[in-house]
Amino acid sequence: MAENILIIVLSTISLIAAVFAVVTKKTINAIISSGVVSLMASITFLLVAAPDVAMTEAAIGSGLTTVVFLYALKHVRGQRSSRDD
Amino acid sequence: MHKVKPGIILFVILFGLWLLLAGADRDELIVAAAASLVISVLFAGRASALGSVRLHPKAIAYAVIFFFVFLKELVHSTIDVAGRLLSPRLPINPGIVKVRTRLKSPLGRIILANTITLTPGTMTIETKGEYYYIHWIDIRTEDIDSSTEAIVAKFEKYLEVIFG
Amino acid sequence: MIKYILIFLVLIGMAWLFFPLVVEFFTPDITNNLAANYVFGSAADLNMPNAVTAVVVTYRGLDTLGEVTVLFLATAGVGFFLKRKKHMEGIRRPGSEILKTGSEILAPLIIIFGIYIFTHGHLTPGGGFPGGVVMASAFLLLLMANENFGFSHGIINLTETISGIGYVLIGITGLVLLGLNHFLDPRWLGLGQWGRLFSAGAVPLIYSFIGLKVGAEMSGLLDSLQSDGGEQ
Amino acid sequence: MIQIIGAVISLVGSMFIFLGALGVVRMPDVYNRMQAGTKATTLGSMLTLIGIGIVLPGWLGKLLLLVVFIIITNPISSHALARAAHHAGIKLTEKSVRDNLKEDYPKEDDNG
Amino acid sequence: MADITMLIMNAAFYILMAAVLLSFVRFIKGPTCADRMVALDAMTIAGISVIVFIAVFANRAIYLDVAMVYGLLSFLGVIAVARYLEKGL
Amino acid sequence: MIILITGLLLIIIGFWAMLTRKNLIRIIIGFAVMDTGINIVLVAIGYVKGKTAPIIDKAVTMAQGAEAGIQAVDKVVDPVPSALVLTAIVIGLAVTALMLAYAIRMYKTGNSLDIDDFEEQKW
């Protein structure tokens, strides 16, 4: 019972965050949203009894994905106006 | 010498961490010793901050007392912040104040700053030399000395003995 | 305008194509034959509790070798697109004192946790891939905290080479020792006792090499992404 | 009996986490949100994990380790975020009394 | 006895889910990306407790390793965004 | 079932982002979301109702060795999709980094991230 409600909550949050990642204006907000999707996906993997996959997703999604995107954004930001994002 | 002591402390920490994770089997002991030896040799120069721990009995006793003082402050101020949060008017009075610390060793300074950060209601924003800039959710005083008295002093007197 | 209608149609078509597959898929009540074989084999043949590791390292070991190769190629591609450039100091804002000291104390903890994960891949969840990523995270922490982080690329390259050669050597050894029928069979090290660290043949060894290789490759990837890429 | 006590402790801890989330929604600016969001939740997760450790004593070692990890890493990240927010020029709320850091280093904007 | 324990734990679990949802509200509303990062941090800490509760309900101690990875690594994302904001990445 | 639908919707949202966005980095974020959705679908297909993770410890059976294998077979889920996705996640990160490196290179040469500015690469 509790698991079913948790699945609904996780699905709602990850879908809203994914849509937010698409429609938002600033790129950095989209990056953070993909982090939320990754967190929810990790808990989902745990619910379908795949702890190995959940652990890999946790290790990747908690730091590395965000950082890889931010490095790319840093290189791009150089010539633009500095304060906006 | 200044590389040996942090290396040994690092080795003990890593070894204990592995044993807590995996239990004290014979195989585990072998792998744990090998892995923590390699890492502590590689990182001994980098983790020189660990060298400032004093290892005599008084310091250890003060560390235990410090832990309980920290727990008491944590619970006390969490309840305080929760009370502010639940009241409909949101009675907060925030701002950034400046305090002074006497600690010199890097590890002592980081533990002091982290303790201040972990206690709800206060948060270290910037450290410059002997001054800490602290975001305080309910400013009672604007003077450096009295805010030092209110925020820092209760932790500092223990950390001073432990780290010097 | 016509473009948006086309995109909408493509999305609707995709949803219509895949929706029946999802809705009519009923979750089975009983494990299928292949999975049952793998689970039984991992316990009976290899003396290993974690069936996922059994599939990754032994039953599908050749695929894993290919995937490690893909990883290596991707890393090499990143290094090819972003040429490293020296003397770019002074642009980054220095990290705070707390972050620097904290990272120096936390990085060894993260590395030993990564080692714990990939040496216990046959007993608990985890294994070479998450363990290597956790180790790369420690490298990332140091890279973020210190603005002039001088890490010798020699160590990374050495680790990568040694673990790559080790993984291939284990494959060749399996080939030579046991003949073609037992290619990549990890049982030449002895199966050991159930649930101990030194058990399940050569699986912990292979997974350690995979972990070190993944960690070194991810660190190299982060390093080339961090440094300023290309000529302006 | 001891199990019920542990369960009640974890219930109290989850209530603290809920209060932290409420603070994240209610507080007026970034710094105050950080006060509620990352530190009331720290105490809350400590209590929750220790309560579960009391219910299931075999898991206590790993749960204590988890608590230690959270205690070490959490203040570092919240300090770094607060410093970056102040540097990036995010304003304090209107209710704020004073800002000593701004007074002492008003020209922090020139890339450090 | 065990029933009452499970009942209280279920209540705690529901409260945690409510906390995750509340933080997500701030994530959507947040005017700056620092606000969003604070919300993500709160969600991660609540998520660690959720993972531990899943481990309790499934009665598997090995699920705790996943929570431990989050406990040790979740601050990396926050630090990355912070260093990006202050141009230190 | 709900999980499968969520994964499918994530795939479609990621595909939508890849088709409509102009900015190269946003396209790659769409790719990352799509990757996560595919992983969720793959793992959810391997789930067996009421079974637990394919790691045999004391919570599954007290037996050891081959005996444990016989007893655990009807208590655990399918390990094959987990093993597939385990490597796919790490490979996905490496591929994402490769795409980002290529995007940075394109920005350095063309001084733009807008996909419509790279006309000469259409065929």
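The letters A, B, C, D, E and F name the chains in turn, as written, and every chain counts its residues from 1.
Going forward, a residue touches a chain if its C-beta (ideal position, glycine included) is under 8 Å from a C-beta of that chain, and two chains touch if they have at least 3 such contacts.
All figures in this text were calculated on a predicted structure; none of them were measured in a lab.
Engineer: Work out which chains are contact partners of both chain B and chain D.
Structural biologist: Chains in contact with chain B as well as chain D: C.
Engineer: Between A-C and A-E, name the chain pair that shares the greater number of C-beta pairs in contact.
Structural biologist: Most C-beta pairs in contact, of the two: A-E.
Engineer: With centres defined as the mean of C-alpha atoms, identify the chain lying farthest from chain A.
Structural biologist: Farthest by centroid: B.
Engineer: Where the CA atoms of chain C average out and where those of chain E average out, how many Å apart are those spots?
Structural biologist: So the centroids are 25 Å from each other.
Engineer: For chain A and chain D, let me know how many angstrom lie between their CA-based centres, rounded off.
Structural biologist: Using C-alpha averages as centres, the distance is 21 Å.
Engineer: For chain B and chain C, let me know how many angstrom lie between their CA-based centres, rounded off.
Structural biologist: 34
Engineer: Would you please write down the residue numbers of chain E that are in contact with two or more other chains?
Structural biologist: In chain E, residues 13, 20, 37, 58, 60-63, 65-66, 68-69, 72-74, 76, 79-81, 83-84, 86-89 touch at least two other chains, as defined above.
Engineer: What positions in chain A touch 2 or more of the other chains?
Structural biologist: 47, 49-52, 54-56, 58-60, 63-64, 67-68, 71-73, 75
Engineer: Return the residues of chain F touching two or more other chains; collapse runs of consecutive numbers into ranges.
Structural biologist: 5, 16, 20, 46-47, 51-55, 57, 76-77, 82-83, 86, 89-90, 93, 97, 100-101, 104, 108
Engineer: Please give all chain pairs that are in touch with each other.
Structural biologist: A-C, A-E, A-F, B-C, B-D, C-D, C-E, C-F, D-E, E-F
Engineer: How about chain A: which of its residues touch chain E in the complex?
Structural biologist: 2-3, 5-6, 9, 13, 16-17, 20, 26, 28-29, 32, 35-36, 39, 42-43, 46-47, 49, 51, 54-55, 58-59, 62-64, 66-67, 70-71, 73-74, 82, 85
Engineer: Chain C touches which residues of chain F in the complex?
Structural biologist: Touching chain C: residues 1, 4-5, 8, 11-12, 15-16, 19-20, 41, 45-51, 53-57, 64-66, 68-70, 72-74, 76-80, 82-83, 86-87, 89-91, 93-95, 97-98, 100-102, 104-105, 108-109 of chain F.
Engineer: Spell out the part of chain F that touches chain E in their complex, as residue ranges.
Structural biologist: Interface residues on the chain F side: 52-53, 55, 57, 59.
Engineer: Which chain D residues qualify as touching chain C in the complex?
Structural biologist: Within the complex, chain D contacts chain C at residues 72-73, 76, 79-80, 83, 87, 111-112.
Engineer: Over in the complex, which chain E residues touch chain C? Could you list them?
Structural biologist: Where chain E meets chain C, its residues are 62-63, 65-66, 68-69, 72-73, 76, 79-80, 83, 86-89.
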